[in-house]
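Structures are listed in the sections that come next.
In what comes next, subunit A is part of two complexes: it sits with subunit B in the first one and with subunit C in the second one.
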Partner chain A sequence: MRLWLPPALLAVVLCGLSAAMPVLEPLFRWIQPDKQQVIYDRGSFLFLLQNHLLLVVISAAVGTFAAVAGGILATRPAGRDFLPLVSQVASIGQTFPPVAVLALAVPVLGFGEAPILFALILYGLLPILRNTLAGLEGINPAVREAATGMGMSPLQVLVRVELPLAGRIILAGIRTSVTINIATAAIGSTIGARTLGDPVIAGLVNGNTAYVLQGAILIGLLALTTDSLFEALERTWDRRFSPQGAMA
Partner chain B sequence: MSVTGPVASRIPPNRVIPALALSALVLVWLLDLGTIQPNRIVAGTGHGLLSSLGWIGAGLVTAVLAASIVLSMVPLARRYLLLLGLTGLSLAALPLLLEVFASRHLPEDSPYARSSMGAGFWCLLFLLSLMLIEILGRLKTRRSLQLMLLVFVCGSWLTLLRSDGLESLSLVREFNGQGGQFRQALWTHLALAFGAVSISAVLAFVLALKMIRNTAWRRPVLGAVSFLQTIPSLAVFGLLIAPLSALSSAFPVLQSLGIRGIGWAPALLALIAYSLLPMVRNTFVALTEVPESLADAGRGMGMTEGQVFFQVKLPLALPVIIEGVRITTIQAIGLTAVAALIGAGGFGSFIFQGLGQAAMDLVLLGALPTIALALLADALLTMLAASLKPTSARS
Partner chain C sequence: MIELRNVTRRFGDTVAVDRVNLTIETGEVCVLVGSSGCGKSTTLRMINHLLPHSAGEILVDGEDTTAMNPQQLRLNMGYVIQGTGLFPHWTVARNIAMVPRLLKWPRQRIDARVDELMKLLDLDPATHAHKYPQQLSGGQAQRVGVARALAADPNILLMDEPFGAVDAITRENLQLEMLRIQRQVRKTTVFVTHDIDEALKLASRIAVMDQGRIIQHDTPENILRRPASDFVESLVGKQDRGLKLMSLRPVRDLMTPHGSPKPSRPGADVLREDDNLRLALSVMLWQDLPQVAVFNARGEETGVITRERIIQEGA
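Moving on, here comes the complex of A and B:
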């Protein structure tokens, strides 16, 4: 239970601060005395937080599904021909800077939520794909043979042996992907997505440091909350299954 | 190269290249190869493959793709070399398609008209690159050959893009319109990224040495640098503005040095903070993983501790340290683009200016060089790490 305390506390602080930012007006007025408006008001912080989270969750769900499916296909006998190319693409693709991928999505899909979702899915997929391949390829062949020898069908071997063993590494890939995507979604407000990046960008454009701070603090808190959530998930996973000796 | 029974059975047909070439064939016929815009802002009209290149050009593209499908199926011993030549040449000659397109469709009388690459062209470029990666993987070529190929293709692109025939290409127009600013952006980008990487490399080296000597430093240092890495870049840039502008208004000396809330100072600080995690982790792991038996062997030969460190440990740890430098450099090149939001300059300023003006060609002029820089840094540092790897010292 103590494991879940930090993410829960951080989540409470994040939501509380998003809801009660206007209460802190005196503080921001002290930071930015020369501006009339010191609390960002072109959209409530709770709405921006919710939209930001929604973008990240959708892209993580679609990306995880696509990457795990792709990783499984590329490691089956039927798809093995594609394995070298898929793993090369997964590693070369991560060389592309996220901002550049985001920028390239705009000419194709226009402004708004569509290009950012596309870029987040595409970019978030790569670390998960790479870890799925590493997890599935890292399983000791003897384990697979033992499972087959016990009379399991290929599907059973996959679901009952391979995926549980590779799960921890796949989870680490999802963590990396979500961390990157929270940051990229924040930059997404430059292409018209409503996220917590909005106050930062608006503040930079108008020279209003108070706006910038409000956005930056909430983005940082969101990232910390998510990261500690994954930390707790990974610890729980480690406690439940400890695949000692099964990995090559 | 005679095709005999046993040879044929030993060479299985490749299924990846036909799949890629077939998708390229379908997409290049379905999507627009290029568009013509009357000026910078007005939306353009698209042209398909046949309309863009005429029967001869369209036939040539189709023939090349069909030939690569056939080549990958036949059980020839040297098919991958032939495919490498075919794909490499096609990639290098790809801008010629745009030249033909521009010469056929660009109106003579309007000086502001511009041609740009359509979705079909991008798909063709992407799938041909995938085919090249697949072929290089199957041939198990050496890194130096891969780099030569990269230089050949990039060189051919740069030469063709500078030729008169492609002056109307929107990307070239945008480049010419920016004039000296492009070079300025390149230098700013390189200076920020490499400045941050070198400073953080020195810091990381000192921290790693501290962590090795003193185990009490390990957890707090690793915790701190991974905490920094978790905070999104936009937030770090934003959080640095207030303290730095307070500092610079308190100390006018800083102001005269150009250190303000926005600009290069917060950008460099944030980039260094980000670079620390991969640097510290790799340097620490690399130095601690050198087997103690090798250090002992050195001591047995009469080396001093300093000699053991510089002549035994450091050379063995170097490939892993360089790997850290590679990860850090790629990351820094990407983050420098984001730093344009706080006025640090670099290619990111084209990206965000272009997004602000809805000028997509300007966005491309910022995004494509950023990607190219990242890929180039990746290729060079991977090669460096591979060449430093001791061949027989590690087992």
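Moving on, here comes the complex of A and C:
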């Protein structure tokens, strides 16, 4: 149970701070003495947090599903021909800055949540895809040979052998993807999506460092919480599937 | 019974297996032997349809394998490979239980079977059942591999260089174990190796392969006495044949039995009836004895064997 304590504690701090930011008014007034308004009030932090999180969760869910499915298809006998293409796309796509994706998506999808969701899915897909390929390709061929040779159907080999063995690496890919996307989602505020990037953008526009800090602190905390949640998930996975820390 | 009729396998333009005809009788151990790339593994992998054959037909108990569901076919064939292929995320017990679980045996039957097999392969269930494969030594892991293959009591056992990656002493033990188990369970076995000594030791019949063809298919003794070609002759070792023939025959064949077994002195140097003549000769040479006493499995002295007789009739 001790495993889940850090993410739980961080989550409490995150929610508490989002709900009770005005309590810290004296601190922010000391940082930014020349402004009348030092606590961002064009939307509650809890709402922004919730919306930010929703964007990340939806994009992670869609991205994971698409990337794992793609990775599995590319490693099946029928999809082998696509493997080099898919792994190249996975590596090259990562060099594309998310802002560029946003700029290209806005004319097509308009302002608001849609283009940022699109960018997040596209961008978050790649680390997961890369890790799915690495995880599946990294399985000892003798293990696969034995599984097939002893009478498992292709689906049984995938579900009972390959995914449990590759799962740890896939999970690490999802962790990277989600952590990156928590930061990237904030950019959505520039095109009208409501995220924790709102106070940051507003602060930058008005020269209000206090606003910037409030947004940045909450985004940072959210990233830390999520990361420690994945840390706990990965450890739980290890206990379940690779008790000696052994990979195939 | 497994029958291969004119079986051919091509990879692109190269012919890996060329019109092979081979019949493996029920209960016999057929060893495919040859240098690497001769097509022996390919032949084995076509029997359980891991590789489809390009031409010819493969029959298992009279049924054409291409017409059968490959999963059903494989569930009735134990498969042991070099490097074991044990599932690293499963315990030893779960690994052995793989095929029974696929066949949806009831839980208690699986547990009992796993226990039975671990004992058969000389693995203590209490200490090893809950270990993971990476905690085992090479020899233990390979025993688990064999147990896993035997789990659902298949009629056929396919073994692809199973003892190729373990050290010489462990290999020797595993070979003896395999002979012992084979006496108990009598599986129709196809065994692939590049080691002619392993082949001579384990086989009822040996199929010598070269360049995708079977050069000779015969008993170990006939392979040694009447090699079909220069290739077979060099494979079995021209000069070494006398001793190899001796190692095929048990001491029982040439000993002079006592009228009734005598109780043995404790600590007597035990040469068993099942030991081979080569070993008997070696014992006599080392201890400089003209003859040596032979004991049965219960430790009673049942006869003597002389150096003279081995040299006259041994090979």
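Just so we're on the same page, the second predicted complex is superposed on the first by the 242 of 248 C-alpha atoms of A that agree within 3 Å, B and C clash if a C-alpha of one lies under 4 Å from a C-alpha of the other, contacts with A are read in each partner's own complex, and residues count from 1 in each chain.
Everything below uses one rule, namely that contacts are C-beta pairs under 8 Å (C-beta built on N, C-alpha and C of every residue); 3 or more make two chains touch, one makes a residue touch a chain.
Only a predicted model underlies this, so the values are computations on that prediction, with no experimental measurement involved.
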Which one hits more subunit A residues, subunit B or subunit C? B
For A:Val161, decide between first (touching subunit B), second (touching subunit C), both and neither. second
Once chain A of both complexes is superposed, is A:Val99 in touch with subunit B (first), subunit C (second), both, or neither? first
Under the stated touch criterion, which partner chain does A:Gly220 make contact with: subunit B (first), subunit C (second), both, or neither? first
So in the superposed three-chain picture, is A:Ser44 touching just subunit B, just subunit C, both, or none of them (first/second/both/neither)? neither
Counting only touches as set out at the top, which of subunit B and subunit C does A:Phe241 meet: first, second, both, neither? second
Under the stated touch criterion, which partner chain does A:Ala146 make contact with: subunit B (first), subunit C (second), both, or neither? second
Where subunit A meets both subunit C and subunit B, residue numbers: none
Help me check something: in the complex, which residues belonging to subunit B touch subunit A? 14-16, 119, 130, 133-134, 137-138, 230-239, 241-242, 245, 261-262, 330, 333-335, 337-338, 341-342, 348, 351-352, 354-355, 358, 360, 363-364, 366-368, 370-371, 374-375, 378
Can you name the residues of subunit C that touch subunit A in the complex? 45, 48, 50, 71-75, 78-79, 81-89, 98-99, 102, 132, 134-135, 145, 148-149, 158
Give every residue of subunit A touching subunit B within the complex, in rising order. 31, 81-82, 84-85, 88-89, 92, 95-100, 103-104, 106-108, 111, 179, 182-183, 186-187, 190-191, 197, 200-201, 203-204, 209, 212-213, 215-217, 219-220, 223-224, 227
Report the residues of subunit A in contact with subunit C in the complex, numbered from low to high. 140, 142-153, 156, 161, 164-165, 241-244, 246-248
